[in-house]
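Read the structure below first, then the notes.
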Amino acid sequence: GCANGGKNATGKDTNYKSELVKRGSLTIGLEGTFAPYSYRDNGKLTGFEVELGQDIAKKIGVKPVFVPTKWDSLIAGLGSGRYDVILNNINKTPQRAKVYAFADPYIYSRYVLISRSDEKGLKTLASIKGKKLVEGTGTDNFNVATKYGATVVPNGDFPTALGLIRQDRVAATINSREAFLAYAKSNPTSDLKYVDLSKTLAPTAVQPMLNKQSPKLLAKVSAAIKELRQDGTLTKLSEKYFGSDITKAN
Amino acid sequence: MQNVLQYLPQLLGAAFKYTIPIAVISFVIGIVIALITALIRISNKRGVMLVVKAIFRFYVWIFRTTPLLVQLFIVYFGLPYLKIAGIAPDGIKLVPFTAGILTFSLNTGAYCSETIRAAIIAIPKGQWEAASTLGMTRRQALQRIILPQALRTSVPPLANSFISLVKDTSLAASITIIELFEVSQQIAAANFQPLLMYSLVALIYAVFCTVLTFIQGYLEKITSRYTIA
Amino acid sequence: MQNVLQYLPQLLGAAFKYTIPIAVISFVIGIVIALITALIRISNKRGVMLVVKAIFRFYVWIFRTTPLLVQLFIVYFGLPYLKIAGIAPDGIKLVPFTAGILTFSLNTGAYCSETIRAAIIAIPKGQWEAASTLGMTRRQALQRIILPQALRTSVPPLANSFISLVKDTSLAASITIIELFEVSQQIAAANFQPLLMYSLVALIYAVFCTVLTFIQGYLEKITSRYTIA
Amino acid sequence: MLKLTNINKTFGDHHALKDINVTFNEHATTVILGPSGSGKSTLLRSLNFLEQPESGLYDFDGTILDLNKPVADKDIFRIRRETEMVFQNYNLFPHLTIVKNITEGPVQVLKQNKATATEKAHELLAKVGLAGNENKFPSQLSGGQAQRVAIARSLAMDPKYILLDEPTSALDPELELEVLKVLVEIAKEKRSMIIVTHNMAFAQKIADKIIFVENGEILFDGSKETFFHSDNQRINDFISAMTFTDI
Amino acid sequence: MLKLTNINKTFGDHHALKDINVTFNEHATTVILGPSGSGKSTLLRSLNFLEQPESGLYDFDGTILDLNKPVADKDIFRIRRETEMVFQNYNLFPHLTIVKNITEGPVQVLKQNKATATEKAHELLAKVGLAGNENKFPSQLSGGQAQRVAIARSLAMDPKYILLDEPTSALDPELELEVLKVLVEIAKEKRSMIIVTHNMAFAQKIADKIIFVENGEILFDGSKETFFHSDNQRINDFISAMTFTDI
């Protein structure tokens, strides 16, 4: 089980260590401003991706170092060797894959379309055509909304996006079901509703993003996630932060 | 290189659609607000005017000491919660462009009011006296004698404020306006080259700001046919 | 209310750990840079000095006309690509705090150099002449006579730059420094009350900036025992 | 006729004008003399309400203003139209050309037609010896020229009284001479002028009447002949200090 | 002895000093007179290298500087230590107290001990009638007091020559008198002074020698007796303009 898996991932070869930004540490970039993925609670950085990062680091036998910053800075920083890996709810796209490498997925995200509960027209993905949707710049949601013909208004902050919907300044937002559920845990949402889009939109795989110059580390991270999946850690984390298991492909 | 050039139309489109109009309109309105604020703050009237002066003092203080981003947020996201029975029962809900113009104007107005106020105070007392002795009212003296001179000396600091404003419009993205900087970030999100996009955007800002400094130089030149006594 | 107060320690922690040190250190270094830049730009030496002057002119231009955010990005994320054989074969990779201090200092230095340069130029020629006639060298005249007077007249605009700097430190989040503003956003991500958090942060900035204006007032008072001739 | 009765003016603790009683006649030149800080400027500026005394009566051609009470703006504006001040440092408007400096008052305040005012301005500039300088700016003039423009500006308002506060003390002797000659010409036209000056030769030449102020009080009020041949020791000391006969 | 030979100075097109030859004697007071713009200040400032003539010879006590060539900084500094300029508008250092204004040169340039310099400063202030004002700032002084401090500041450097450029023309006659009296006292000590002034009474009192400059040329160089009883029409016109005898 667990101990075994740990041994496997650590292995004998330590070549990957030369690929680390900081000796003996796994430097992890994330935004830190998106609950429940990563956020601040009682003065400490926490969240699903934070705990995941700690577990991955443990598996490969180094110390985790978290570096919260802005979206653009995550991309720019990976390029200029500021982080080893980015855990920030990122999907692999062909365009992105050209520039960066992706390790094994840890979440399969289901899209939902969130709107006001009195909103009549928005029932399917096709119905967003010509509507105003709020999405974070650089997110996959943004791309989907654009692809289906919505007018996209940029805003990265989830509660603010919901505020825009409530104030009737935009019609809806496409986001992950998990984000909405996490919000609903501590906030009233009776004025909002969501439509599950998983029938029309296949769940997308959320993957760690790494530099192409660190293939050995990539293998290590993938191996670590595999083990965490097998030993049930992923499921446990998912239940803790999302209230359900969203780490499985279906 | 052609790689870079392909993005220029989108960037310039955003610059001409949002960045420049927001900067120019806000600056013009800001100057008007600044002028009114400066005049109220130097007024020597008593009575109810003291309350008005205190209000304007507070306005300048709050807009100078808090971050512009927060101001934008509160005007755009906060005002809808401000429900005033009779006037705005559903809260004050501005479209992004209006909210942006309003906030940038108020911010610029606060800063520039200090510039203009200082320039008015620096006009020698003798100019006021010369106007009075001709029989001008305070209003005539201000309009015809004091302000033209004060505006001339405030050209350089006002130009500085304008240049800052141009760059600050990038914050408009936070209230959902897709201006120059936001567009560059959207492109960077796709091509994963933020550094390149940022440099390109910096260049566009630099060109626009440099044009402004040339205009400043021209204004300084045409208004400096005379030197202040 | 107690709801709000529970966040204060975290916010103040970030303010005292990053926001304030970055602002203060950058301002001090920025003033030094500004002084050097101003002195070089007013120098009347010829020869190689003309090249040095052109370089400093370019420095001021580039830092004044491009957005601070882009400057931070280029220093932190761009310099690692700058590989100089022999000196920095792996590129120049600064830690976030250093990169932040460097960029904020250079930015403040560019703006303040213009302030100080203008203040030096405004000192009446007679002060230089009086110093020369006593037999002072140009350096002595600058140090003992001109700069003390120029610094006095530049207190208000320098204080303005400091206040702007304090608020601009919020951009440090983009180079992975978890300063005040970033902390407030992280908290907002969990409590889903961004508006509240932003207002709280605005208040902290306002308090700090107001303290700065008091210091400014004090400096102006102690240096205004004399009035410039 | 301009008459002050029991005028008092204080600046904080300082009693600058002490119960002043004085009459300024029309069609005559009155010269105010006195040491520095004696209250000459305060007296002159009170005539034009640039300073407002705390008590006393101000009688302008029979209209009497009681200075113990706040004076109405309209009374102040009326008196300012009839009196013009010429300042030691000219106070020309630096952003306006010479001719605009002169027409500004007539057009804005007297609501004169612009063409008429400009024509008049040309005449006045010729009179003060500055024809041809219409479109210059004040910064392009010498001090003597600037002061002559200031005099032309005050004449353009066609006031009953012209008040001049040390009009030449910022000038070199040669430039001073230019201005004094213009003032002597104006005095010959029997306009009403009240001049504060330190130039004894000029005072002796131009004065119809001399007022000597010291310490906020009027020590002498009479003809120039009496003044310059006074046997009052204080007056003689003053005259010799002003003419540097006792260096 | 300070001697200029064939000095020329131009400002752009304007030939401000035309082939000037003149000698300034030690232990004597030389007064420079002349109309405005004639080149008096340029001449005086050239003595202290505040202006640098383009050609000619500058002879200071036998050390001869050829002005056709660039003058070495060290020569300029040496001459500036031996000559002190007193300016029309004083140019006191506004950020320093009176006593610091006076000790600044001795301490910084002559490297005098601070205590010695301060003691000397007190003596000099007493000499110009300003004992007790040591710790005031220049802005707290009247013009006449400020100019007397400026004179004390120049005396503190113990120069061979004191150069004064219209030291009293920014002052009221009464304040002017204070300053002139101090200068007359200094002249009595047989210091070497070169003074530009417009005050004829003062020139007549103090001058050992008069130089009359017009249009960049020296029209007269001789004793004051000859000057004030000249039969040169130009000189007589100048004197009567300066004394306002022909208003």
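So that you can tell them apart, the chains are marked A, B, C, D and E in the order they are listed, and the count of residues begins at 1 in each.
Convention: a contact is a pair of C-beta atoms (placed from the backbone, for glycine too) under 8 Å apart; a residue touches a chain by one contact, two chains touch by 3 or more.
Keep in mind it's a predicted model, so treat the numbers as computed, not measured.
Contact with chain C and chain D alike is made by B, E. Rotation angle for the C-alpha superposition of chain D on chain E: 180 degrees, rounded in steps of 5.
Averaged Cα coordinates give chain D a centre that lies 35 Å from the centre of chain E. For the pair chain B and chain E, the distance between C-alpha centroids works out to 52 Å.
Inter-chain centre distance (chain B to chain D, centres taken as mean C-alpha positions): 45 Å. Rounded to whole angstrom, the centroid-to-centroid distance between chain A and chain D, based on C-alpha atoms, equals 83 Å. The set of chain A residues that touch two or more partner chains comprises 72-73, 76, 79-80, 160, 163. In chain C, the positions touching at least two other chains are 73, 77-78, 81, 194-195.
Within chain D, contacts with two or more other chains are made by no residue at all.
Chain pairs that touch one another, listed by label: A-B, A-C, B-C, B-D, C-E, D-E.
Taken together, the chain A residues at the contact with chain C in this complex read 29, 32-35, 38-41, 43, 45, 67-70, 72-73, 76-77, 79-82, 157-160, 163, 183, 186-187. Chain E makes touch with chain D in their complex at residues 35-36, 169, 172-177, 180-181, 184, 198-199, 201-202, 205, 241-247. Residues 9-10, 13, 73, 76-78, 80-81, 91, 93, 173-176, 178, 182-183, 185-195 of chain C are the ones touching chain A in the complex. Remark: chain B residues 124, 126-127, 129-130, 132-137, 140, 144-145, 148-149, 152, 223, 225-229 touch chain D in the complex.
Against chain B, in their complex, chain C makes its touches with residues 61-62, 64-71, 73-74, 77-78, 81, 118, 156, 163, 167, 170, 181, 194-195, 198-199, 201-203, 205-206, 209-210, 213.
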